[in-house]
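Here the chain labels run A, B, C and D in written order, and each chain numbers its own residues starting at 1.
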Amino acid sequence: MIRVLVFNEFQHEKDPNCRASTIYPEGIHTAIAGFLNKEADLTVKTCTLDDKNCGITEAVLKETDVLLWWGHMAHHRVPDEVAELVYREVNNGMGAVFLHSAHKSKPFMRLMGTDCSLIWRESDDLERIWTTTPSHPIASGLPPYFELPGEETYGEAFGIPTPEDIVFMGWFEGGEVFRSGCTWRRGHGRVFYFQPGHETYPTYYDENVQRVIRNAIRWAAPVYRVQNSMDCPNPPRVHHWGK
Amino acid sequence: MIRVLVFNEFQHEKDPNCRASTIYPEGIHTAIAGFLNKEADLTVKTCTLDDKNCGITEAVLKETDVLLWWGHMAHHRVPDEVAELVYREVNNGMGAVFLHSAHKSKPFMRLMGTDCSLIWRESDDLERIWTTTPSHPIASGLPPYFELPGEETYGEAFGIPTPEDIVFMGWFEGGEVFRSGCTWRRGHGRVFYFQPGHETYPTYYDENVQRVIRNAIRWAAPVYRVQNSMDCPNPPRVHHWGK
Amino acid sequence: MIRVLVFNEFQHEKDPNCRASTIYPEGIHTAIAGFLNKEADLTVKTCTLDDKNCGITEAVLKETDVLLWWGHMAHHRVPDEVAELVYREVNNGMGAVFLHSAHKSKPFMRLMGTDCSLIWRESDDLERIWTTTPSHPIASGLPPYFELPGEETYGEAFGIPTPEDIVFMGWFEGGEVFRSGCTWRRGHGRVFYFQPGHETYPTYYDENVQRVIRNAIRWAAPVYRVQNSMDCPNPPRVHHWGK
Amino acid sequence: MIRVLVFNEFQHEKDPNCRASTIYPEGIHTAIAGFLNKEADLTVKTCTLDDKNCGITEAVLKETDVLLWWGHMAHHRVPDEVAELVYREVNNGMGAVFLHSAHKSKPFMRLMGTDCSLIWRESDDLERIWTTTPSHPIASGLPPYFELPGEETYGEAFGIPTPEDIVFMGWFEGGEVFRSGCTWRRGHGRVFYFQPGHETYPTYYDENVQRVIRNAIRWAAPVYRVQNSMDCPNPPRVHHWGK
């Protein structure tokens, strides 16, 4: 059983002037939890910016196998301590999946060490998402490409460290390309970034997007986990010669 | 002084029914040598499939710093021995730049170890080429993106080993994306692949394309070169203990 | 059920003057098949240089999930066609595990594109093998390090493409270091190289070595496999705008 | 002219009970500046923990091409703001070279996103440093290996992101191996980590160590630099078709 925790800042959806309030009336986290809850091997919890400390404590993360993160307009309201906790627990072996505008979230930037910048535009571009590494577990069951009729445009240069695998690349009607699905190992944990998911489009109801997220969770589930990877052990010298 | 050798199969250009015969009447190699010869730090030679053994011998490669390769319809007519010589000399430290349809050339495939497959289409698509790693020496002086009004479309999944750097990514009007500028180290040598350059378009007269090729040559020029990297030395044991 | 094929050149073991004849009287392949056959999820076949075409045909590889390869003194007697078949089927999705002196085997070199050279010495050095990526599936269940009382020494610089993961690194009593366990993706297939296993030492009876090989087989088992990755599809253009 | 800034915490050297006070009476930074000042293409400044804000401001970094960093016992006394400034300016294009125990310094950890842990021991082990990528500019002029008669032992598993290049690997008499010279790109900047340099050994007087540091500075010097890479541009849509 993989224990999933979905964090969502849950701001746009509460704004009646934002399309998100119609598309995701109960929040993006609830929509994501909705399709994940149909999976027999997953148990899903959610938390938001409204929860104390974002609902994230060391104890909570120790009970989490894979953390999903959605944030956008309120990155700055996530305490630095929460980013630090996530960074530490990923290094201990917890998996993490960062969605869409979470590229500028504190925990993602903390794990990458780069600026995570990109170019962007809201112009209802069609996006076509190509599977660039079909043999990657996260691409399992995905077609050569699939389309989203409208998405926020994200474009290169994307300020990330060279990904270990680029599983998906995005093509936008307006002329942009993007490394849309990228993996990294950080310490003992695995990190996946997935670009689609702007709050004003029903992206998380898309069957292919849901499949990618399910695959990513299974891929990121820990295979090795420690209590505290920050320690540097000081083992004794073992002599093998001059005996 | 960087010694450049440009190999071109030189077939399409001799076919009066092919647009290439009008665009590159003296061959793609001559067009490339033309703009390279304006550079004070480069000396340029060319060779083609018409030359004995493609004009490539071990001695010729030992006198070459960077080899450029263009091939398409006649890959199979390049002797296996030529591919082997290129593979060996790159490992010894020679640089190599593979252009457009050279993705399926024998020497490139020999160096990659993969199928180097892609999807393709000839439909006069506009291509927009994005600079994804602006700090890479091959991107020096290039804008965030530049366009070619028509190119052969190449699309993912591109069957290459994970590149060390993706310097450029291509966007095609018809809906495809492509890792258009990629680098690898092979032994002591450096390899660059660059996607634009179909024979029926005047791509090699484009100022930005020329700049990429010049940059790539300077980047691929050897910094360390050996006579024969195939040998496995058998050094004696040096004791440091039990003294 | 993972279908494993173990290729061994089987030369040293038939030489009564070689220690291998005493340690592996029925061949290294038989020793490896011996411990693999205890696994419920593996079915194991073997083949050697004595078999016609090394026992390797396209049909045989299509029925193989993971190929293991041991070779040393008779690399040159493996037909080029066999190396070509292995290269193609790995790109189609078959897994491959190359053992010890197989670093200079034709199929491994064909997949790497480099010289695969190293320095070496036979001086009965103790080797200590460090787990450098404990969260990698191939490291599952392995300790921080384990030792082999005697091994052939292999040392850097090892002429391989930058590995995707370095799972193990070797330390040798005589002063050498080596990237002893390395992974690469080639096309749709996964490749693992593992350095220990000289014919004059009982390395393949070592419990940790056996665990590494079992882990590597499970890791390299195909998740995506195609009939022929060499083809370049030519899909039609799909218009999305007013042309 | 490459503008170098050497930061050293400068604590051990002021402790009369520490060997460092005899070996580096004026501080490690002064020793490093000493051999760098002999280079015609370098201008060198130094700063320490005694300086206000470690001597590091945004303005100072904007005038720095490559920052060297040595720290150990007082990592915690470096303000978080200083680490943030270094992280930002590396992403803007500044080069950074982290020496020895700086693996646990705030700016290095900020750039890596991992725990940067390792195993260690002080037992006067001889270290032998192997050149694993002889064609890398940082290895220019270095022999296949060189030795330091005594160093602090650092061992794997080293908790870093997969390096882009492993230029050097260390072998320690007591049985450890280490990825001793590693490179990464972070944003537009280049980062190098180099393991030797414990304060109780005269490592920075070693000719080969000095050569590595000089090479690293020249390699890390910016080729592309921006004012503020944190911004995400929002360019307009450029239509190419009938919309």
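Odds and ends about this structure:
In this text, contacts are C-beta pairs under 8 Å (C-beta built on N, C-alpha and C of every residue); 3 or more make two chains touch, one makes a residue touch a chain.
This is a predicted model, so every value here is computed, not measured.
Residues touching across the subunit C and subunit D pair largely coincide in numbering: over half of the numbers involved belong to both copies. The greater number of contacting C-beta pairs, out of the two interfaces A-C and A-D, is seen for A-D. A separation of 36 Å divides the Cα centre of subunit C from that of subunit D. Centres computed as Cα averages put subunit A at a distance of 31 Å from subunit D.
Residue numbers of subunit D whose C-beta contacts span two or more other chains: 119, 133-134, 155, 162, 164-165, 175, 185, 187, 240-241. Looking at the complex, you find that subunit B touches subunit A at residues 119, 128, 130-134, 144-145, 155-158, 162, 164-166, 169-172, 175-177, 179, 241-242. Against subunit D, in their complex, subunit B makes its touches with residues 93, 126, 133-137, 139-140, 164-165, 173, 185, 187-190, 222-224, 240-241. Residues 87-88, 91, 104, 110-115, 117-121, 123, 125, 153, 155, 159, 161-162, 164, 174-175, 184-187, 229-240 of subunit B touch subunit C in their complex.
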